[in-house]
Amino acid sequence: MKTQLPLFICAVAGIFMAVQYFVPAALPAYERVNDYLQIVYAFSIVLGVASVVHRHGGRVQKRRKDWPYSLAALIALLFMLLAGFIGGRGRETLFQALFNAILLPVQATMFALLAFYLASASFRAFRTRSTDATVLLIAAVIVMIGRLDDGRALGIPDIARWILNTPNLAAKRAILIGVGLGMASTALKVVVGIERSYLGSGKE
Amino acid sequence: MTWMRAGLLQGSERRSLLPFLLGLLFFCSLPCVPTAQAEDTQGQAADRVQASLAAASPPSAAPPSPVTDLEIRDKPLDAGKVLLVSFGRSSDDPGGQGAVTRYALLRRGPADTAFAVVKTLTALVKGDRLSYEDTGLKPGAGYSYLVRTLTASGVFSDGPVFGPVAPARQWFFTNKINTLITTILFVILILAYIRAARRGRSLFIRRIAGLDAIDEAVGRCTEMGKPTLYIPGISTISDVATIASLNILGQVAKKIATYQSRILVPNRDPFVYPVTQDVVKFAFAEAGYPQDFREDDVYFVTNDQFAYAAAVCGTMVREKPGANLLLGMFFAESLILAETGSSIGAIQIAGTDAISQLPFFVTACDYTIIGEELYAASAYIGREPTLLGSLKGQDYFKLCVLILIIIGVALMTSGVLLRNQPFDWVSQILKVRAAGG
Amino acid sequence: MGFLEWIVRLQRLDRRIIFSFMFVAVTVPFYLNWPPVEIEVSREVEDAYQIIDRIPPHGDPLLLSFDYDPAAAAELTPMAEAVLHHCFSKGIRVLVISLQYTGQGAGIASEVVPRIAAQHGRKQDVDWAFLGFQPNALIAMLQMGEDFKRTFPTDYYGTPFDEIPLVESVQNYAQIPAVLTLAATAVGESWAIYPGSRYGLTVIAGVTAVYTADIQPFYQSGQIKGVLGGLKGAAEYEKRVNVLGKGMAGMRSQKTVHYMIILFIALGNIAYWLSRGSAK
Amino acid sequence: MAGIADSVLWTFIAGFITLAIFSFLYRDNPLYKLAEHIAVGVSVGFLVVTYYYNVFKPKVWDNVLHNGQFDYLIPLCLGLILFSRFVPKYGWLSRWALAFYIGGSSGLSIPSTLEGRVLGQAEGAVRSFVSLDPAKGGIANLLSSIDASFVVLGTIACLVFFLFSVEHKGGIGRFAYFGRLCIMAGFGASFGYTVMARVSLLIGRIQYMTEDVVDALRSLF
């Protein structure tokens, strides 16, 4: 009951969705199942979010380390919910203002930090320590200059374009085929029930 | 948003009932929250369209000339519920600027007595033909249509009746044959090899050069008496790269145990943490030195991506490990880890299937295991049947693709050389065509 | 040995000094209007421009999908603005959606699209419509191939699908001349793999620079018909549509930082080979 | 409420938060932690509100309550039993919903991935070594032929590199090493582009600080 039924549901849903790819007659049922998948996926994301909220809640309840920050997170969450459900979501609303003034700067700045780390890594870590690294760094420098459309006299933009359209294309195409086969085989193992790690999350 | 993915798989520790009730209550209370936007339901929209048509007064001005060329086709390759209706403009309608403002499409099904409006189309749309896909019909039933041309003042005239035409249901997307054969071949190959691996047949996997690099690094590090730092990636337990990394961790821990040296394993995922502890403890016991296993060398740091990277860099600077092994799934913070490791002079071996992080690992580390090599290394060590079998199945499928490409290229080249026109049979076989026909 | 020994000692330079070099390299060009930047429009950007330019005004809309979150906004929002300027100036209608699972892509779109539309005096639901967002990108892409209304019963603001004049004749991909996906992840190529191969949809991808190299196989095989790559792609499109945008403004700083990083790599390697030489 | 949306106040808050995150460069500090946690709260709130208006209300409530399509109760129940994960005794109930979703999307991805990633790319790789286009001159044909054969040989070499059933010794070993070098050149191209990507993010933030925040300051005095 706890493992056999889920595996059965998984197999039925998987086989139907794979077979419908080739059968036009299954279109109406396929469209309806797509809607269900979308809704259940939405619930699973909200579940992930709920467990994050639950963890912060637990941290505040038990006054564990950094609990004031978790409290701030919960207050921000509550404030955002009120703004969204009462104030509405148009362009001039408080909800949109909170998104633009808090969420957008944090996300953008968090990844902007990487530019600094890239600079320090270029100085302290990127070495031609092996033929692999040498080929990589030479190609990288050529592409960096080529992307700025500089060094036209030396034909660097053309070499950069050649690197992008020839070795890079060959390598990325082989990697795509490899990754594609890997994804398809993992998906197959899930449908057939060999791969069960997603079940492991529920208590046995 | 990795914290969300991690969150997705939590829930196995003991939990009180409160959050569940909260979650349920939260969702049931939503519909009664006063929604800010004024929402009128579908029902009213349809009435408004109906009302404007009914108010069409008897023709005071001259009626516009009706639409004469109406074409009805069954939609190819569908479930037989759709008819494609297209018609040219009325002669009084020079592209929406003239008197004619709207066209109404009327349909009479087998069970209906009179024509009913199905869709109104504005004349403003560009192009000389207007089209509409009429859906929700019964396969095999005959439907006939006519087009009513309307002016701004509501004066209208009906065109001649066309049909009846019956939508037909098809059972196979004819131009998806190549995908079907590929999928069947793939499924058979993978399942056959997994069964063979489970039955213990010896399947050959070549030794990945990366494994020699790991052995050498761990060997040199233990000679210097320094600890080894092993990072099993920062992804969740269900990530293929994490599972592959845990296999390699077991072998590395066993080797370190035999040299009686130390291994540090900082974890970022609360679920991977207990698994790494068991793997290392079991490896030390298997090497015959269970007492050397130090509980606090395998520890949980934090769930936050950047805080984890900063904390591990602190450990690197403090503990000065001789070798850093970064094997598993990494994201943007891999740059920070690799840089600090390189600056303290540790031998670094990295392995990940995160294609976007590999360029940094190659330049900052001494050796890098690329993408699928990580899975092959794990299969080589762990010999776990499903991983071994599916890897072999994929390998042989890749071989088929390789041979097909070689034949295709040979044909194309000989075609161009011999008669200046490539033989492109192979690429016709491989070509991906739209399902809709 | 002073200079060479100085370079080797540089390796232990405090990371924060390097950070300040970086800050200076980025900020100086904002005020000095230096170095001069000359950009050529590349083939893949020209292909994308032609496909959008061929869409008849006031006819079937271009499908514009905001599939990124604020972390990629610095590169992809200038692209969105350049394309919106192009479409609205020519009267091409735009149907906006977002398939970014946290919904933040929709948050960005609901700020950018109305702002640009107002500059061109384009009316909502007539010249442009914003159908909002769906969490699972792959499933939403395939659903739109059959029925837009089922995928988006209401738009982002709650207006029912039937009450939006722009989508009156839009039922599925048959009425969509092309889709421009602005994506920072594999969602870009998924447009080509899922709806591209099943419905023959014309796909153009605006991707972050990180992803430009990885999307080349799809461009060469024709599964993706045009590519806008990173901030440079935005600058190229701005030049092609001659609009002054953030893409061009950022290119000067890109130039100073690129050369600084090349210098860092060179210095680092000189020190590396010196210390290896002296160590032997 | 509406007037505040783009006033000076919000620009200052955004500027303050940008500095708080940049302070992590100096070292991890309370300001950074506070900004990050507030952002987590705002992003969760944003997600829940957006999901309600764009997914749950139109697709579940409206379909069930107004359009009378009661079959939408199935995904609703499946979705709600996902929350049983919080109840230790009934945790296993959530597996039905997970099984339905993961099974369905895996089944959907098998034919699509094989077609889009494997067939599509394999067809893209099948090109003739030699291109004899009379329009272009002799030299151009020679160059494009060399390019074409390099791409085809490179793709085959990289595929051989990722073959694990064949020992990489002798001829195959060298051919696979040529594949590895192509992969390194490809990573070089990605490296070059990644530099531009990361720098664009930084440029975007500094543009915001030096332009928008400074303008807001100037408008105060």
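Order of writing sets the chain letters: A, B, C and D. Residues in each chain are counted from 1.
The criterion applied here is as follows: a residue touches a chain if its C-beta (ideal position, glycine included) is under 8 Å from a C-beta of that chain, and two chains touch if they have at least 3 such contacts.
Keep in mind that this is a model prediction, so the values were computed, not measured.
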**Chain whose Cα mean lies nearest the overall Cα mean** = D
**Asked** Comparing C-D against B-C, which pair counts more contacting C-beta pairs?
**Response** C-D
**Asked** Taking each chain's centre as the mean of its CA atoms, how far is subunit B from subunit C in angstrom?
**Response** 20
**Asked** Can you give the whole-Å distance between the Cα centres of subunit A and subunit B?
**Response** 10
**Complete:** CA centroids of subunit A and subunit C: separation to the nearest Å works out as 17
**Message:** Touching at least two other chains at once: which residues of subunit C meet that condition?
**Reply:** 11, 19, 22, 71, 73-74, 102, 104, 107, 134-136, 139, 142, 147, 154, 156-158, 197-198, 210, 213-214, 217, 220, 223, 232, 254, 257-258, 261
**Prompt:** So which bits of subunit A are touching at least two other chains?
**Reply:** 18, 21-22, 27, 35, 37-38, 41-42, 44-45, 47, 49-52, 54, 85, 87, 89-91, 96, 99-100, 103-104, 107-108, 110-116, 118, 120, 124-127, 129, 132-133, 136-137, 140-141, 144, 147, 164-165, 168-169, 172-173, 175-179, 181, 184, 186, 188, 198, 201-203
**Asked** Where in subunit D do residues touch two or more other chains at once?
**Response** 24-25, 36, 40, 43, 46-47, 50-53, 55-57, 59, 62, 80, 83, 85-86, 88, 91, 94, 105, 108-118, 120-125, 152, 155, 159, 162, 180, 183-184, 186-191, 193-196, 199, 201-202, 204-205
**Asked** Can you name the residues of subunit B that touch subunit A in the complex?
**Response** 3-5, 7-12, 15, 19, 23, 33-37, 77-81, 169-173, 176, 179-180, 183, 186-187, 190-191, 194, 237-238, 240, 243, 306, 332, 335-336, 338-339, 342-343, 353, 355, 359-360, 362-364, 366-368, 371-372, 375, 386, 390, 393-394, 397-398, 401, 435
**Item:** Residues of subunit B touching subunit C in the complex
**Value:** 1, 4, 35, 37, 39-42, 45-46, 121-122, 124-127, 130-133, 135, 343, 355-356, 432-436
**Item:** Residues of subunit D defined as touching subunit B within the complex
**Value:** 24, 28, 36, 40, 43, 52, 56-57, 61-62, 65-67, 80, 83-88, 91, 94, 110-111, 114-116, 118-120, 122-123, 125-132, 152, 155-156, 159-160, 162-168, 180, 183-184, 187-188, 190-191, 194
**Message:** Can you tell me which positions in subunit C touch subunit A when the two form their complex?
**Reply:** 10-11, 13, 15, 18-19, 21-22, 37-40, 69-71, 73-74, 101, 104, 107-108, 110-111, 114-115, 134-136, 139-140, 142-143, 146-147, 150, 156-157, 213-214, 216-217, 220, 232, 251, 254-255, 257-258, 260-262, 264-265, 267-269, 272
**Request:** Write out the stretch or stretches of subunit C touching subunit D in their complex.
**Result:** 16, 19, 22-23, 26-27, 30, 71-75, 102-104, 106-107, 132-136, 138-139, 142, 152-154, 156, 158, 189, 192-194, 196-198, 208-210, 212-214, 217-218, 220-223, 229-232, 246, 249-250, 253-254, 257-258, 261
